[in-house]
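Below, chain A partners chain B and then partners chain C, in two separate complexes.
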Partner chain A sequence: MNTRQNQFQRYSGWIFVLPFLILFAAFLLTPLLYGLALSFFNWEMLSPAPTQFIGWGNFHEALHSDRFWTSTLATARFVLMATPATVGIALALALGINTIQGRRQAFYRASYFLPGLLSISVAGLLWTWFYNGEFGLFNAYLEKVGIKIPWLTSTSWAMKSIVIMSLWWCLGGATIILLAGRQQISQSLYEAASMDGAGALRSLWHITIPQMRPVLLFVTVTNIIGSFQVFGQTYIITRGGPEDSTRVLVQYIYETAFLHYRMGYGSAMCWLLFAFIAFFSVIQFMAMKERR
Partner chain B sequence: MTGSSKFLMGRVRGAVVVAALCMGLLGAACSRQDRPEVTLRFWNGFTGPDGRPMQQLVKEFNRENPDIRIIMQRMDWYTYYNKLFVAGIGGRAPEVFIIHASNIPRFIHADFLRPMDDLLEKEMGLDPKDFFPQAWNAAGDGGKQYGIPLDISIHGMYYNKSLFRAAGIVDATGEPRPPRNQKEFMEALRKLTLDRDGDGDMDQWGFVFTNTRNNLLVLMVQFGGMFFDRDNRQCLLNSEGNVRALTWCRDLIHREKLVPSPENFIAWLGFRQGNVAMAFEGIYMLADLQKQTDLDFGVAPIPTIGEQPATLASSHIVCLRRDLKNPELQAASRFARFLTDRSLDWAAAGQVPARLSLLQSDRFRSMEAQATFAQQLDHVFYEPNQPFNNQFDTEFNEAVEKALRNSETPQAALDRAVANTQRAVRRHYDLWDQAKNASSEKSSGL
Partner chain C sequence: MLGESRAKRFSLEGLLLLGALLFIAPVLLMALTSFKPDSEIIRFTGVFPHQWTLDNFREILGSPEEIPLLRWFFNSVFISSSVTLLVLTVDALAAYGLARLNLPGKKPFMILILAMLMVPGQIMLVPMYLILNQLGWLDSPLSLIVPAGAGVFGVFLLHQFFVGIPKDLEEAAILEGCNRFQVFWHVILPLSKPALATLGIFTFMGAWNDFVGPLVFLDSVEKYTMPVGIALFQTSYYAEYGITLAAAMLCTLPTLIAFLLFQRQIVEGISMSGLKE
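Entry: the complex of A and B
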C-alpha cells in the first residue's frame, strides 16, 4: 500500500502538468521544431517545385543579405532606445506612484495601464494620424509655436517616433510590475536608513535598487525580448520606411514568409532572431548574477 | 387534493412543459437542419464601406435560395491572403472566395482555383462577351477561365470643388473645371498650393500622393513606361518612360516644391479635411466620401500628364475552390451568377460593374460619379500580375520612395529595383523548371 502510495505521489505531478504539456507540445514545441527543420529546406509556398533540402543555404543567404543586416540594425536601434527608456521611465513612474496613497494610486495605475489594452492596429492607426507631417495632430499644435517635426519622414526621426509611441503603449505593464516590486520592500529598511541619516537618493541607490534587482532583471529581460520582436508598430505606422530605417527584423521575416512565400528562408531568419535574443538574455542574466 | 398529490400534479405538469419545450426545440433544430441542402463558405476582404452592400447581397441570396446557405467571412486584405493560402494548403479553403485580378496568376500556380469553362454556359448561363474584356482576361490564363470579374476598380481624380472655385478655376458657367492635361494640371497646382500666412509652410496643397505605388503606376504608363516584357522574364521597370515619370514626380516635390514629400495614406485625410485640392485615388474611396456632408467634391478622369491617357484598374474576381464537387459546385455556380447579375447593386456602393450590358443600363448612367470613372475604360491598364508580383512591389516601392525623397536618382533607384526583381524572377522560373522536370520524370517512370 505504501509503495503504491509512494508511486502515486511520485507521478501525480506529471498528471497535473500533463494537460499543459500536451498543449505545449502540440502548439509550441512541434511548430518550433517544424520551423527548425523547415529552415534547412527551400520551400516556396506557391511553387509547385518539390521541397528541397539545402543544408545551411538559407542561413548563408540571410547572413550575406544586405536587407537582413539593415533590418537587424533597425531592430538593434529600437532595442537600444526602447529598453532603457521603458525600464527607466517605468521605474520612475513606479516610485512616483508608490508615494501616492489610496484611490488616487489606483487611478494613476489604471491610467498608465490603459493604453496597453488597445490593440496595436487601433493604437498604430491613431498614431499614424498624430504623426503625419502635414495633416497630423502633433504638428498642427507644434506649428502654432513655430515648430514642425518630421516625425515619420526623416530617417533620423522615424525610429524615435516609433519608440515614443511604443513607450506610450507598453509602459503601463512594466510600471505595474515594478510598483509591485517596490511595495514588497520592507518599510523598516527605510526607517533604519533614515535613522542613520540617509537621504532619499542614498535610500534609492542602496535600498530600493538592490532590493528590486530581481524585478528589474525580469522587466529588462522581458523588455529586451519584446523589443527584439517589435513588429506591429513599425508595420502599421511606417511600413518599414522611410528608406528602410524602421524595417525591423520581424517585419522582414513576415514579408519573406507571408508576402514572398519563402517559408524556409523565413524560418531560418526566425532562428537567427532566436539566437540573438538568447545571446542577449544570457548576457543580461550573467551580468546581474555577477553583480549579486 | 392533498398536499402530496398537488406536488405530484405540479411535477407532472412541469415534466409535460419541459417535454413540449424539448420537442419544440428538436423540431426547430430538425427543420433548420432540413432547410439548406448546401452550406458554402464565402470569404472576402470587404471590410471597408464595401462590406455592407456585399453582406446585403448575401442576405438576399440566402432568402431567395432556401436550399443554399452562404456564410460570409470578411477580414482585411493583408490578413485575408495569408489565411486563404494557409487554408488552401491545409485543404480547408472556402468554397467561394474573392481575389484581386493581380493575384490570379499566383493562385493558379499554387493550383488553388477551379477552371470555370465547363460551368460558364451550362451552370451559370454567362456569355464571356458580356464582360469588359480586360477584366475577363485578367481572370484567365492559358486559355482557361479561373473566375468571374465582379467589377472594375478604376482610379480617377477626386477634386475639392470649393477650393477650385476659390482659386477661380471654373468654366464659363462658374462650375469648377478639373484639369485634363499636364499644362492645366500645373496651372491648377500653382493656384491651389497656398502659403496663406507666409511662414514658408504650405497651408493648402494642390495635390498629394496618397498612394505612391498606384499613383506612380498610372503616371509611368502615361509616360510610356512598361513593367515586364511579353514573356514575363525580364523586368523593364528602368525603361525610359518610367524614369521620366519618376523624375517628373521628384521635380514636383523638390524643384517646384508644389507637392509634399509622400508620407503615408494619411495624405488622403488631408483631402477629406479640405486641405488638399486634388488626389488620384481608386473608386473604392467614393462610398466614404459620399457620406461626408461637409466636403464639396467632384470626380474626373485622371489628367493626361504624360504622352498618353492611362489609368490603373483592377477587378474583384469570384473564384471557386479547386476540388469543388456537386452539389457544392452547382450551389457555388448559382451564387457566382447571382453576384454578377446583381453587380449594379454592388456598383451603387462605389464600383463599376464588369458586365457590359449593365454598364450600358440607365441605372448605371444615373450613378454620376461611377459613370465619370467609367469614362476612362478605353485606356485602363490592369496592374502587373506576375506570380512574383509581391517581390516586384517590394522593389518598386523602395525605388519610388528613394527617388521621391531625392536620396537616389530615379535611374539608379529603378536600376537597382530591376536587378533585385530579376533575382526573384530567376528563382521563380528555376523552381518552375524543377517542378516540370520532376513531373516529367514521374510520368516517364510510370
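Entry: the complex of A and C
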C-alpha cells in the first residue's frame, strides 16, 4: 500500500547528501578525470597551436626528459631521507612521551606539535633566516667552534637542510598519532610478558611493535604520500637550487603548468607522480602485511 | 634497583625536555626577534631583545599602499571562515545521510570516499586551475572557498562519529513527530559538538595555512592571503628580517590562539585519524 511512499523515503535521504555530492562531483571527480584526459592532449595556453590529441606523447616526453628525472630524483632523495626519519623519530618520541603521565605528557605532546601550527611560508621563511650563510643563526653559533656549514649553498647540503626543516615542521603530528596507537595496547600484555621474564627490549620487539603495526603502516603511508608532494619548503627556502638539487617534482609541475602554461604536459606529470606514490604505498602495504 | 630505574627515567625525560625546547625555540625566536631593532637582528646579540621595540609592527602596518598586510589578514579571515562554514554544513548533512538513512547505493559511495582520502591533492592542481578559469573564479576568493567543500575527510570523520550515537534518542524524537531534518538539527547536531568542533578547527587552520592554493589561483597582490603575502615579503624585502618576522608573527597568531584554546580537540582529532577500524 505505501511501498511507493517507502521508496520515496528511502531515496529522499540522498537529499541530505546532495549538496556535498554536487561539490564532490564538480571539484573532485571532474578534475580527477579531466586531468587524466588532459594528459593525452597537447594543451598549451599561450601557444597558438591548436589543442590536439597526442596519445602517450606527454608521458613519452616526460620519461625522456632530463629535467623530469632530475626532479624525480630530488623528490626521491627527499622521501628516502624524510619518511624513515619521521617514522623512526616519531616512534621514539611517542614511546618516550608515553612513559610520562598527566600534565607533563600534555606539555611534551604540545611542544613537539607546535611547529605544525605554522604555515609553510612562515616556517620556510624562519628557516631561510636560520640557514643564511652570512647573518644566519646556525652559522653564527657554529663559527664559535670553527665550523661553517653551507646549508643552502652546496648541492650536497641543500636537500638535507630541507629535510631537517621538514622534520621539525611535521614530526609532531606523526608523534601524536603513534602515541595514541601505543595507548591502545592493553597493559595486561606487558604484565604477562614481564611475568614470563621478558625485559624492556623484548617487550618492545614482541608486543609494542607488532601491536602498533597498523598505526605504523598508516603513518608511513600518509608520510610517503605527503613527502612525494613536497613543494612549499623548497619553493620558499631554496627555489629549487643550487643547481636543481632541490627542484622537486611538484615544483617542476608548477613551473610547467603555471609559468609556461603547458597544461597537458603538467597533467601528465601529475599522473606520473600519482603512479610513484601508489607504487610506493602498495609496496609498503605488502611489506608490512607480510611480516604479520 | 629502584634507584637505577629512576635515574634512567630522569635521563629519558631530560632528553625529551631538551628536544621539546629545540622544537619550541624557533617559534619563540620568531616572536622575540619581531620586537628587536634591526641593528640587533643583523648581528645576533642574544635571544632576548636588549631594546624592545614595536617599530617592525609599525612599519608593516603603517604603509597599506606598499604592504597591504591588513587586507591580506582580512582576506585570510574571510576565506578561512567561509571554508569552515561550508565544510561543516555540507559534510554534516552528508555524513548524517550516509550514517543513518540506510540509503541505497551507500556502500559503493563510502568506498569511493575512502579511496579519495588516499588521492594526493596536488594531482588536481592543473585541471582545477582550468575549471576555475572556465567558471571565471580565478583571482577570486571563490576559487579557494567552493572547491574546499568537496573534501572527503570531514564526511569520513563525522560519519564515524554519527554511527556511534545511540539510535534511541532519534527514535523517540520521530515518535514525537519530528521529521528527519528536525531530528538532525535538534538531536544529532547538539550531540556532535565535539566532533564538529574538531572538524571546524582543523578546517579553519588548514585553510588559514594553505599556501599552494592561493599561490596558484590568486593573481592580484591585494587579493592575497597571509601566507602568500608573506612569501612575497621575502622576495621584495630580502634580508629585512625584522619586518618579515613581524608579519610572520601576525600570520601565526590566530592558529597559535586556536591551539591554546582547543588543544584537546586538536590532539584528539589527529589521534583519531590514525585509529581507524
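FYI, the second predicted complex is superposed on the first by the 268 of 292 C-alpha atoms of A that agree within 3 Å, B and C clash if a C-alpha of one lies under 4 Å from a C-alpha of the other, contacts with A are read in each partner's own complex, and residues count from 1 in each chain.
Here is the rule we use: a contact is a pair of C-beta atoms (placed from the backbone, for glycine too) under 8 Å apart; a residue touches a chain by one contact, two chains touch by 3 or more.
Since the structure is predicted, the reported quantities are computational estimates derived from the model, not experimental observations.
> After the chain A overlay, clash or fit between chain B and chain C?
clash
> So, does A:Thr51 touch the first partner chain B, the second partner chain C, both, or neither?
neither
> Between chain B and chain C, whom does A:Val219 touch in the aligned arrangement: first, second, both, or neither?
A:Val219: touches chain C, not chain B.
> Does the superposition put A:Ser186 against chain B (first), chain C (second), both, or neither?
neither
> Just chain B (first), just chain C (second), both, or neither: which does A:Phe258 touch?
both
> After superposition on the shared chain, which partner residues are touched by A:Gly241: those of chain B (first), chain C (second), both, or neither?
In the superposition, A:Gly241 contacts chain B only.
> Determine, for the superposed model, which of the two partners chain B and chain C contacts more residues of chain A.
The larger set of chain A residues in touch belongs to C.
> A:Leu28 in the overlay: touching chain B, chain C, both, or neither? Say first, second, both or neither.
second
> Classify the contacts of A:Trp129 with the two partner chains as first (chain B alone), second (chain C alone), both, or neither.
A:Trp129 contacts both chain B and chain C.
> Counting clashing C-alpha atoms after the superposition, which of 3-11, 57-65, 75-83 or 201-209 on chain B is the one that bumps into chain C?
Comparing the options 3-11, 57-65, 75-83 or 201-209, the clashing one for chain B against chain C is 75-83.
> If I apply the document's touch criterion, which positions on chain A are contacted by chain B in one structure and by chain C in the other?
Residues 128-129, 132, 135, 258, which sit in both footprints.
> Inside the complex, what are the residues of chain A that reach chain C?
Residues 10-17, 19-21, 23-24, 26-28, 30-32, 34-35, 38, 93, 96-97, 99-100, 104, 106-115, 117-122, 124-130, 132, 135, 137, 140, 168, 171-173, 176-181, 184, 214-215, 218-219, 225, 228-229, 231-232, 235-236, 250, 253-254, 257-258, 263, 266-267, 270-271, 273-274, 277, 281 of chain A touch chain C in their complex.
> In the complex, go through chain C and note every residue touching chain A.
Residues 9, 12-13, 15-17, 19-21, 23-24, 26-27, 29-30, 41-44, 89-91, 93-94, 96-98, 100-104, 109, 116, 118-131, 146-147, 149-152, 155, 180, 184, 205, 208-212, 216, 226-228, 230-231, 233-234, 239, 241, 244-245, 248, 251-252, 255-256, 259, 263, 266-267, 270-277 of chain C touch chain A in their complex.
> Show which residues of chain A lie in contact with chain B when the two form their complex.
Contacts found on chain A: 44-50, 52, 128-129, 132-136, 143, 146, 148, 152-153, 237-239, 241-244, 255, 258-261.
> Using the touch definition up top, name the residues of chain B that touch chain A in the complex.
Those in contact with chain A are residues 82, 85, 89, 106, 109-111, 199, 201-202, 205, 208, 260-261, 263-267, 269-270, 273, 275, 387, 390-391, 394, 398, 401-402, 405, 407, 424, 427-428, 431-432, 434-435, 438-439.
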